[in-house]
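Structure first, commentary second.
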């Protein structure tokens, strides 16, 4: 904690960053993203297991951009999101600084290559509860899975907190907002919810850094993060690529190998 | 009550499967009339959302077909499509969609007979599976 | 409000006998937006076309659906009809009632219902069609010809003689190809070199032809009329301008035991070599793999003896770039080696050779100077067995096709052998004698009847060596599959003609399709035999499938005519089925967020970056932009774009969405 | 108004009776780790041991998706069919907190001022509200700051307040409440001696809403908004859990053959909400949308509808993925 | 995990010496085998001519038993049995419906059918790199390796070695110090099942094989198939009466040759059971190797 505050203070004092985007203790036991602009405020920064928001989501926000060069307090998923955003041309080298967190240590990273090295040596497996949840669903019969997701997704009221919390959902126009044609029904009825969540997962295929922020953001506790995590895990298994590991990487779905598996095609 | 006749929508590429289906016609090979072909330039153009739309509109089965690997008129559209299908199919399966109602295939312009077989086998399989009531009910419940 | 016209064609009985066309027309009349719907016997006939023209004028139609045969057949016809009637041709679509409906289903209400669905679907599409205008692109009037065999030579000469520039690229040190290796040619038995060499010289001297030998295609980008090509000139290790072709170096080179490629390994060459005496250009190359200087670091004899100091050991590969408007692919073929045949000894018997090797044995300039001697011991073979269809037409060997040239050259081989070894006995094992061609059948008859070559209809199951003889075991199917065993001195396998090494990689560089045997695929087997599916890339000769000389030359000239026709225009028009990135009002400018993941999905490198600047000239956004000249309209980017910011003209989101929704509503 | 008592077990009997009359009962139930309103099928599922449900009960009056009309093509004509209001079920909202019940007034004001929304009005007419006073509160509750209280009876037809272990005070507040009593008078006991005040949650007053209202009037261009909305992600979670938020979108669904018009929830927090067809967005950044939310609730609604747009339930604070706590926001604003 | 062992009927009868030598050699090489319990006839030579389903069901039962007994691989030394078992596995693994049908028929579940390997495949794997060091004496003879028709064919089933001119047995012979010959009849037909009904045919075919081997100087023909052995050894008289020549060349199983080189006892290797006497012993050039165990 002190190390984090110290790094943040130094970054501001040495003008390496204008704002530190980090976590602070919020209300009701919740964590709150904060935007530290003066060294004195750095003492509010903290870091614990409850910090589930993916702070990379703020990079694209115009108001935040106006504050100047940010330094992101970055547990692994945030760091991976940064790299994935870079690979999708959303940020450039030098646009931001990262205060990477691991094992209670804080590492200041400014070059993408440093971030790549950092990510490469940190394990990227899913949280065991998510892994178990996916496996439990995989073991179900298709009918049970259908029932499960029907009952979960029917509850959705389409507040789009999942989209808002996801650093990779940075489109200026989401498909759900296209109305010529209206691909996805706008109302939160079963079909509209189903198509929205399926589409969201597909659009994150090969791009999801598996941070779980979408599921945590859901006010109704719908485990939608399992969808994107599952797609991402499948892609990793089938095609070998993983989102948010390298800036110069071929995106899983816009590249291919001639020998890709095709056992489902006759 | 008449026997269930599945509705099948086929999304096919222009250069191989559409032409292959043309050859089926030229060869006068008969197949089940349950299928409706939607023509695309390339399997690479086929949006997975269209598959969902087809199910939501009451399709009981879907065929997606294009050029064999390395035969794509556009060199690699089918390779991209193949990855997209793989991801889509896995996700759909994970969400409990009856993926056996979706048949992915490669049918070349020379495979008129394969096209007929593909349609017939898909129609037969979907006929055995019965109407896709689960999906239809979801769509219908959105209309209450 | 749309005013769509529906025109249902009976195609005589073809559609009319199975589909109730009147009911289709009637049903379509009820579709909202359909202003006119009729059926007619033959829509593609003159009266049928007139019917459409009049309806467009009278009903002020805004779109047309012709429900007839496959659009792959008559779409151009009906689009032209619309165009002549003042309707943009891209406002016309075809519903495929023949190939996809009447021909594949029985006559029934269900079939007619399907026909109605197919038309209704296209009506919904055409309502959303937008007028499109062909794209015009300029033409660079220089042709790139790949391959300096007879096909490439012919194509290059024809194009050059039509007044256009040609760049001819040959992988080997000399042009000439397989034809330069042949002895005599069927059916006239004139000497191959004698008729080829003048053409080779003509190429070298033609003012319109730039010749790159010992060179390979590095890359080809761009599109018809506007290709950019990079050619790798492999290092010859000598200064071609200084070299006079005196040949002193090749005689002095101490490394003389390298199997000669030109002589199919039956003769030897030096490390610095000219592949054959009539080579064009007549300038040697150093084979760095075998040259003592390159392998051991000393020698340099050639450098010492060269009177013009032309040797350049430190020469490096050079990349030259050219802009060309058309590409002729004439990279030829190769034949299977004898080691491909387990039953014939996996290549372990020296006296089992392939046809090309026998050509060299027969050739006056070959390793035996035209005397028929067998490779193992140089004896004149008394009994020679020729096996046709070695590999060809053999699904078990993975080669189902007929290699086409073998029947003729086998007859020639047997005939020439008999001419040279009068007392010798020639046997030919064959499956069928395929001698279709001018004077071809007469030729094979002559071999049988005048030269007494013994033809045995059957296959050879095994060859083994015994006491210096090759025991050829086979069966004569005309004698009730009676086993035949011949003690031969030499066996010549007419091995299958197969695609050249590297054909696959080349096809990928050129973006042309290839079949399962790696032969390049023409745009249409009958109607567009010299074009490929990549506009501006044409095929000549055996790279498409095995061909004999007359056919290769004919196709090469056909290709040249296509290129000349292309070059007769200063600009050409292209189908406007291309992708477009949307533009919206500020402050968004486009819904594209510039992730550029579409860039790697595009097979044509057609997606560029466009910087959007505000009035002060500051870059506010970088978005994707499709180069319509490069885009071929596959739409892979379209399905890939998450924000639906790219659309494909002719297959827009709105169009395909409407088709699907209509189909099931 | 009359006061009676009722025992916990008798409440269940009353609900059973209502269920047997085919009334739909929306009641708090445990769903996973959350407590939320849902149609009650089994009394076992019912829970009253919670501070606040995730969502408010407004969906019972203003559903997330509501069909307004249908159309069908007949020949060349198109037939329109208005929503059939005769088959809307009689429904009971049970277990609403006093703040939820208090929210019905501002919600109604939106739908019934000037023009009557027929569907909303009919739903309201067929709804009976049985609230349960709050015994506990948490740090997110601030009803007392906006003029509501943990035992407030506004908007309820019947208000239950727990006195002893299983004894409740039942305040019969309206004719609908009276009807409930008449449905099963035997279930109710006499008025208890004890008053409810001692049993209500103590909710600290955190701010003065009138001061807030007054300060907002001149605060449209205040730099505060930009600063405090930095963390706002721009989702609609706060609006969708809010008992008062009533913004909606109108969507047509269907083909040229048949279709329908739907009203569905929308939120001023979403960028699309104010996006013009031209591409211009008058609220181009999130702070403007956040300001709109505050302004609408605490300034525009009181001014135009004479209703405060907030009842202090604290749901928005609990639901916000970025922990934009409303009390803190207001306090900071008043301090700024 | 021990390797499964499917002996087949020949090894239990007419070719006992094959089984004996096999077990002796493998024991010497520390390779353990476990016989599949309750195995049955593979149906070779007859079943697939009569009834396709039967021809699959017969081997399938033994394979299913092997699967049930936990084997993942089976050594099938008889080339004919090997061919049937391998072909059955291939057919059933490629066709789910067929597999279900046959499973119903044999009343045993089949999911992951064990892979059958022939003797050459096993030896390729288990002969140690330093085999030469373990030899008591080199088997220093000129040998003609005779593979017969089924050991490496059909190629798509066996997927091992070159189908027309196989080499693995030759390599094994080299390892024990023999000099394998290049000869013409490695995979030529020996007459196989005609051994009994048409000895004249077998005689004619075997004579050709023996002729070629002898004329190239072979001192022994090496086989890995009981049928090949029977025809070349037991039907020697028929061969001789066909060609009018005398052949003294002995026919040895691969395992017998290896056994001799390893210094195993002739009796252990069943050499006494041959019709054509075997008068060979390892180390004829009297190089008994010092490093070898006695």
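Chains: A, B, C, D and E, in written order; residue numbering restarts at 1 for each.
Rule of thumb we're sticking to: a contact is a pair of C-beta atoms (placed from the backbone, for glycine too) under 8 Å apart; a residue touches a chain by one contact, two chains touch by 3 or more.
Note that this is a predicted model, so its numbers are computed, not measured.
Within the contact network of the assembly, the step distance from chain D to chain E comes to 2.
The chain pair with the larger count of C-beta pairs in contact, out of A-C and C-D, is A-C.
Taking the mean Cα position of each chain as its centre, D sits at the greatest distance from chain E. Core chain by CA centroid proximity to the global CA centroid: B. Chain centres here are Cα means. That of chain A falls 62 Å from that of chain E. One inter-chain figure worth recording: chain C and chain E are separated by 49 Å, centre to centre, where each centre is the mean of the chain's CA atoms. Computed from the mean C-alpha positions, the centre of chain B lies at a distance of 31 Å from the centre of chain C.
Residues of chain E found to touch two or more other chains are absent. Among the residues of chain B, those in touch with two or more other chains are 48, 53, 70, 76, 80, 84, 142-143. Multi-chain contact residues of chain A, defined as those touching 2 or more other chains: 175, 183, 185, 187, 189, 192, 253-255. Those residues of chain C lying in contact with chain B across their complex are 70-73, 96, 98-101, 103-106, 108, 110-111, 114, 117-118, 121, 504, 508, 511, 513-514, 533, 577, 601, 603-604, 632-636, 638-640, 648, 650-651, 653, 656-657, 659-661, 663-665.
For chain C in complex with chain D, the touching residues are 30, 32, 584-588, 661-662, 665. By the touch criterion given at the top, residues 73, 75-76, 255-257, 278-281, 284 of chain D touch chain C in their complex.
Residue ranges of chain A in contact with chain C, taken from their complex: 88-90, 170-175, 178, 180-181, 183, 203, 250-251, 253-255. For chain A in complex with chain D, the touching residues are 26-28, 30-35, 53, 57-58, 61-64, 67, 155, 157-161, 163-165, 177, 182, 185-189, 192, 213, 216-217, 219-221.
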